[in-house]
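Pasting the structures here.
Look for chain A in each of the two complexes below; its partner is chain B in the first and chain C in the second.
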Partner chain A sequence: MDGSGDLAFPALVAARLLLAFAPLPDALKYDQQLSSPLTSYSRLREGIYLFQHGIDPYSGGAFRHSPSLLSLFSTVLPLTPYTSPILWTAADAVAAWALVRIWRLRTGAKETSRDGQIAALYLLNPYIFLPSLALSTSSIESMLCLLAVMFACRGRASAALFALACLVQLSLPAVLLAAPIILLTVTRPVSRLALPQPYHAQWKRIIPLLAEFVGYTALLTFASTVVCGNWLWVEKTWGATLTLPDLTPNPGLWWYFFTEMFDHFRPFFLMVFSVHLLIYIAPLCIKFQHDFLYATFLLLGVQALFKPYPTLSDPGLFLSMFSIFPEIYPYLRHPIVTALIHLHASLLLPLFNSLWLRQGTGNANFFYASTLVFGMGNGAALMDAIWAGLRVAVGELKEGYEVAQE
Partner chain B sequence: MLNFVKWLCLALCLVIYAQAEPVAEFFGRQSSSHTNNWAVLVCASRYWFNYRHMANALGMYRTVKRLGIPDSNIILMLADDVACNPRNKFPGCVYSSSAKTLDLYGDNIEVDYRGYEVTVENFLRVLTGRVEPSVPRSKRLLTDDRSNVFIYMTGHGGNEFLKFQDSEEISAFDIADAVAQMWEKKRYNELFFMIDTCQANTMYSKFYSPNVLATGSSLIHENSYSHENDRDIGVAVIDSYTHYVLQFMEGINKTSQATMQDLFDTYDPEKINSHPGVRSDLFPRSLRDALVTDFFGGVAQAEVLLPPEGSGDAHFSTVRTTDDASEVGADDRSDITGDTAHDFDVTGGLDSRPFLAAIIDGHDTTLDRTARAWASSAIVLLLVGWIASRK
Partner chain C sequence: MWWRGCWKSCFVLALHLVAASAQGELFDEDLTLRPLRDGRLEARFSFTTLLKGASPRDPESLRQDDEAQHYTLFPLALGQILREHAVTELHLTLNAGKWNYDHWGYPDEPGVGTGAELWAWMGDTSLTSVDQRWQGLRQSLAGLFCASLGHLDDQRTTSPTLTFQPEGSLPNFTYPHQLRHATLPSEHVCTENLTPFLKLLPCKSLSGIAHLLNPHRVFDADWHGLGVHVRYRERIGVEVRLAFQAVLDPVRYSHDGRRDWSLRSVFDRIVEKACPVARSSKVQVELPGETSYTLSPGPTDVVNDMATYELTSAQEALDVAMKWPGENSFVYPDTSQVPPLTDISVRRNLKGASQAEARLTIEVTNNLPVQVKSGYLETMPWHLQFYLHTLRAYIDDSQRDDLVTILSYAPPVPHSRPALLQAVLTLPPRSTLRLTMDVSKPFLRYTEHPPDAQRGWDLPPAVLVPFAFGEDDSPEFETSASHEANSTWTQEREPYPRRPSRARRIYTPVMLVDLATPDFSMPYNVIIMSCTLIALIFGSVFNLLTRRFVVVRVDSDPATPDVNSVGGVADSVGGTGAAKKTS
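Our next item is the complex of A and B:
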């Protein structure tokens, strides 16, 4: 298996590259499940075009990508029909490599038999390769996220925090991951789920790391402001996550709720939904203080479920990361139900989207219902992961004993 | 003495009229200055035996829709529903000829005022715009001062009156006053009034506001007759005057350059069995300049924008319209003299430079932008390099 592991990764990447250059319908680029207003490739191209012709891309409402993407793709990495698929396949390949390295660091082994499997579970996951084929920048976000986690597992704080700062530039909800990644940097990624120990607070090490993260964010914000020449981009990119101006349908749970919202309730519910994301950080980090990699994994699940503008790649990342925690598999309570709900939702989402928007025989409620099913699938996966992660610590039960939460 | 004054005035009018045509031709053709078209089509009589009045209104409805006025700009008032009348042998269908080749009712019509809603009060409220706040937009005449309005009325009428619903009547004075109110409130650019009833020409005799062109189907003391009876339906299905007008309209499409004078020239009192009349004294343009589509159609005149000079941006491409009428219109615009001339440049389109100047940031040159983009990328890449070199 070791030999095939060496060949598996290049083979998968080659297969993905072939798929990326296949003559696929352009409809994928405009599919609402695969890209959101914050990640759409067509909007990125439009913003770069406007920028190159002297019109501020942030003066309209179409371009919501980060200015760092604007500068990178208009200077160093030009976007053409040939380079874009290569870039996106490379992003996925780097992400898969990072995932395999996280796995290796978790098990402590230089090479394992499951490496090829893990790379395959990432690269062949339809939730991940479909947005990548649609050239949605959420693939780049997933790559940065996995890189940050990988560097944190290795203990390279600067690299991890810089990757996280880049990720926050692209997607504000990633700031959820700051706490567990910083804490992961100072602890070891090795699985301690079965043997929980209280975390010995080393605040002397945490505060400088936090300051470093804030510093990187500030530097990248400065670089973004240099590109734009003004501060309009903040309101259009990060502000979009907080104020939800664009109600384009996506597989998330926010858009339908806010289409029905009366205006005078909007600020309140925007605040509630945003703070809702933040309330998961402390409990998950405290409960899983013995294994911060697992806490990061769970917070990725929370982000995938409750993000303002998700695409399929966010829950895709969460589901692919299940592969690096095999110790919880025996303790998952309803894996088949979760898998079936996901199958159900993944078939219904494009179907109802088409019925509503292309054929006109359905309405928005159909698609909303399918996003609810999808949310249920993600929620079921998240809850099962939390349960299993805690249940591992209890281990095998003796006769007559039951597991109860204190 | 009075007689002499009358004849003197008539002589003067004749002299002036004789000069009018060469004068008009001297200034060239005047095209209409409207930007949108509206139609108010009223069938004022109910009951099964007035099938032909419903068919008249529906025939006009179909014509104006075909020539481009959208449903949102049409107010259709039908005092009764003959399509779904239990006496209708062809349920859901309204025919205007016994050949029954064309169903005027179809499956895509929008009747705004139906049945008992068609009253004199509602008609006048629609025209003047004095409607209750609760009246929906589809039932309002939302015209502005650049709208050309076509009003068509049909039913039973007489000397300066038109009967609504067999219970009330509207007089020529009422309509004239309503149209005058419309002029005061700047609710029309030009108005075309067509009426098919008995003694119809009396109904337009009282107009006094400008820019009104009117035509009717019969003189005072003269009846308008129906055209055709249908054996199966059992009643007359179309009126003579409207039938011949619609026949003329079938030869018109959106690009047609046929003028109102052409329409009026087809009036044949022998065939119609009555003497149709035209009132054009309040109409500012010559009838040879007023296109039929100015009132019956919703033809849009497109402006062709040229790319801006100077910045040499080839990516702002012009949109050429394939509509023949508008291309002719564009050429005609160069003939317009007067205070609108300075808005057009020599080729006849609007100047796009101010528009582009507003959105392009002038002090942000290409060099600036690329420099900033490279600076930003450089910062990011330097950071990456520095972090890679640490530890």
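Our next item is the complex of A and C:
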């Protein structure tokens, strides 16, 4: 796949495949941190079952996957206990390969010594392989996201925009990435963090690309509507990310907030939370106009933090992408604190979830508190990344000098 | 002077009777008493009022004023509700307790699901929608019977037409009829429901068999429930049947553990006098198969092991008593030895300790030596959501998915609509079919939880309707079944024909689902803490993005610390190499 000749990549994929066929995944099937109502494998199977038995799966409230997944898995790729682990491992392998390709495009090298390391950081990241073992469709979303970024880095605009349009079909918040990915296609992915230069917008190239993206999205939307025969799916899939009808716990910040929300404030706060996600696009793209790959990376971090139905693979994708920016490592502000908060949260999340829902010795506040800690950890990672990305430009300092903000 | 008053009252009474007969209102009441094999006594009160020649209101006429309603025997309060919402057929039951089919057999009143159950057939016109009238109907009935029927809202309403077929006939309107059905298992029947129920009777509880409905006793029964059944009988009229059914335990009431009972001992009342406006008024006692009992007083007549007492106005007070003189204390039958009295036995339970998902198991045992087909209905509120793709059928641990045929399924919609699952189960002879299905438990908004949220949610009973016995009505079924019946003492006197004209419903016990609860004291705290975190991250990100990076000199020169503290300014975008400038 990577043509490097070394055995690291195939070995990693083989190890993942072995894990996927271990008896462990059954226990993970319903884990709320690994799959949200929008990405759950059981619900996907239920939707396919209903679809194949002539019942509109979007007439109920359990199935919230995109019609494209429904048509794909009910026709071309049937989901069985044997095919599913292979498909999900393949999705992870493709994603890891895309990440390695992005790294090579960024360094401009054909092959580097860190290739295997980057693939390993993706494939062995527990935030990524656990959702994949649970067969959460968030693995497919991560794959599409990395493919879109990779094609954008290679300058293959159509492929990148099509992958992004597919991703938006699966998960509406991914529309945040449209701006940086379009801008990435018209620039080069090489690291310019240390040499910031203003970007002069080539509107003549950007506007057609935007139109192309809108066109792909419209096409896929139309195709989905044809598959379903009606527009109900829009409300059930995209609508769910805006109105949060299913309050199943997840590692994000939305579910408990809207469980506890007063009914008359619910629409207002839903609007605030949705619009809040949009606020980050322009400032991050403007500040990192010299390196849109980095802006994409930061927006993935924002999404992992604030998206309505996150799973662990969203922060996992953000953390694994740290591996392709080695130039920022020396400048991370509080890497140890961030790592410790993450460690703390990743231990607390499953523990408190189980205490609340299985043991019955804890209550909802336990899990809520751990999601707050997890949010802190992700926020700290995001702030570290922003700080380091800006700090690189100042470069090494002599003894007795420090960087501060005005 | 006294004779004038007497004459007057006689005249008024006669006028009433004439009026009643002239308008074609007939009132019949009967009480059926059935000793059960576990020593209990089933009492079924049935009060039937027939409005001869009447027909249900055509919903098309809802715009116009209704014709005047003058009833003498027919309950006006109920009649007004029926006319107001143009209801063709109505069944309301309010029950408490779990009907033990295995030991008590099929109930005389088929609607024995725990809690409230309401179903109605209504003509469907575009004038006012069925759902609007259904809402009005349940609210009117809630007011009439002092029951929380208003909770039977859209979150509980389904239309399971296969199981709840009309019991009367449907008038020949020019448009179809629609069914609305809802159950509320957490509703309990109590004295406050019985009082309005008795008010609907022409004699209230002053005379006739209704006098026996002593709230202190009937609500102390092991099982009790009341029902209101309205149906239209073509070319006969509209019939309202008020029913009360109770399973009383004479063994519990007696001091020495005997099952002897009398009206006085179980109801603490006797029938003092007959209801004067009743066309017929009778007490029926089903005679047990064994001969060692005595029944007093002597019945009016005995037909098919059914002793009947006709109540007439001339009669003096009646206290029926049944005694087993040769029996010192009642010996309960060994539950493992006696065969169940119904064709099929059902158990349903929810397994799993998690508050997020569980597994629903239904075990249906066919007690007959022939194959039985049974309808299976689940009307599940969205508080339990099925994963239908995980539905598996097992017979003795071997998977037999072919025995389940799903006829229709409407998936639930959170916060609005229940699931409706209608299936047909094929039950091989003398075997137990076990169905398992994974279910998920949703998470509710904090305002959606009831005040006692930790108690959980009552889920309505599933309904099974055995409808086809034997392979294509094979003749050997009859012989084997009757042979089977002879081996037990109650089955041979079962008052029902073996193959009833109407399929009988079997209700499973209700279930309780434990849903995860949020902390109800937390709304402000959650809003404050979540918003703080978001504001913190938002603020930090924008702080990093908007403020310029500067290089400061931190080496301690005590003379000029302030001057040197801002050593140089570098724009993070444009000012590459700013650090060099400052050095």
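We adopt the following convention: the second predicted complex is superposed on the first by the 392 of 406 C-alpha atoms of A that agree within 3 Å, B and C clash if a C-alpha of one lies under 4 Å from a C-alpha of the other, contacts with A are read in each partner's own complex, and residues count from 1 in each chain.
Heads up, the rule we're going with is that a residue touches a chain if its C-beta (ideal position, glycine included) is under 8 Å from a C-beta of that chain, and two chains touch if they have at least 3 such contacts.
These numbers come from a predicted model, not from an experiment.
Engineer: Looking at the combined model built on chain A, do chain B and chain C fit side by side or clash?
Structural biologist: clash
Engineer: Touching A:249 in the superposition: chain B (first), chain C (second), both, neither?
Structural biologist: The answer is second: A:249 touches chain C but not chain B.
Engineer: What is the contact status of A:74 with respect to chain B (first) and chain C (second): first, second, both, or neither?
Structural biologist: The answer is first: A:74 touches chain B but not chain C.
Engineer: Quick one: is A:259 in contact with chain B, with chain C, with both, or with neither? Answer first, second, both or neither.
Structural biologist: second
Engineer: Between chain B (first) and chain C (second), which does A:283 come into contact with in this model arrangement: first, second, both, or neither?
Structural biologist: second
Engineer: Please work out whether A:216 is in contact with chain B alone, chain C alone, both, or neither, and reply first, second, both or neither.
Structural biologist: After superposing on A, A:216 lies in contact with chain B but is clear of chain C.
Engineer: Can A:403 be said to touch chain B (first), chain C (second), both, or neither?
Structural biologist: The answer is second: A:403 touches chain C but not chain B.
Engineer: May I ask you to decide whether A:229 touches chain B, chain C, both, or neither, giving the answer as first, second, both or neither?
Structural biologist: In the superposed model, A:229 contacts chain B only, not chain C.
Engineer: Quick one: is A:275 in contact with chain B, with chain C, with both, or with neither? Answer first, second, both or neither.
Structural biologist: After superposition on chain A, A:275 lies in contact with neither partner.
Engineer: So which one touches more of the residues on chain A, chain B or chain C?
Structural biologist: C
Engineer: Looking at A:22 after the superposition, I want to know if it touches chain B, chain C, both of them or none. Which is it: first, second, both, neither?
Structural biologist: In the superposed model, A:22 contacts neither chain B nor chain C.
Engineer: Can you list the residues of chain A that meet both chain B and chain C?
Structural biologist: 53, 55, 59
Engineer: In the complex formed with chain C, which residues of chain A make contact?
Structural biologist: 30, 32, 42-43, 45-46, 48-50, 53, 55, 57, 59-63, 194-198, 245-249, 253, 255-263, 276, 279-280, 283-284, 287, 289-290, 302, 305-306, 356-358, 360, 363-365, 368, 372, 375-376, 379, 382-383, 386-387, 390-391, 393-406
Engineer: Note which residues of chain B are touching chain A in the complex, please.
Structural biologist: Its residues touching chain A are 313, 315, 359-361, 364-366, 369-370, 372-377, 379-381, 383-384, 387-388, 390-391.
Engineer: In the complex of these two chains, what residues of chain A are touching chain B?
Structural biologist: The contact residues of chain A facing chain B are 51-56, 59, 67-68, 70-72, 74-76, 156, 158-159, 162, 166, 216, 219-220, 222-224, 226-227, 229.
Engineer: So in the complex, the part of chain C that touches chain A is made up of which residues?
Structural biologist: Checking each residue of chain C against chain A gives 353-357, 382, 385, 387-390, 406, 409-415, 419, 438, 440, 442-447, 516-519, 522-523, 526-527, 529-530, 533-534, 536-538, 540-555, 567, 569-570, 572-580, 582-583.
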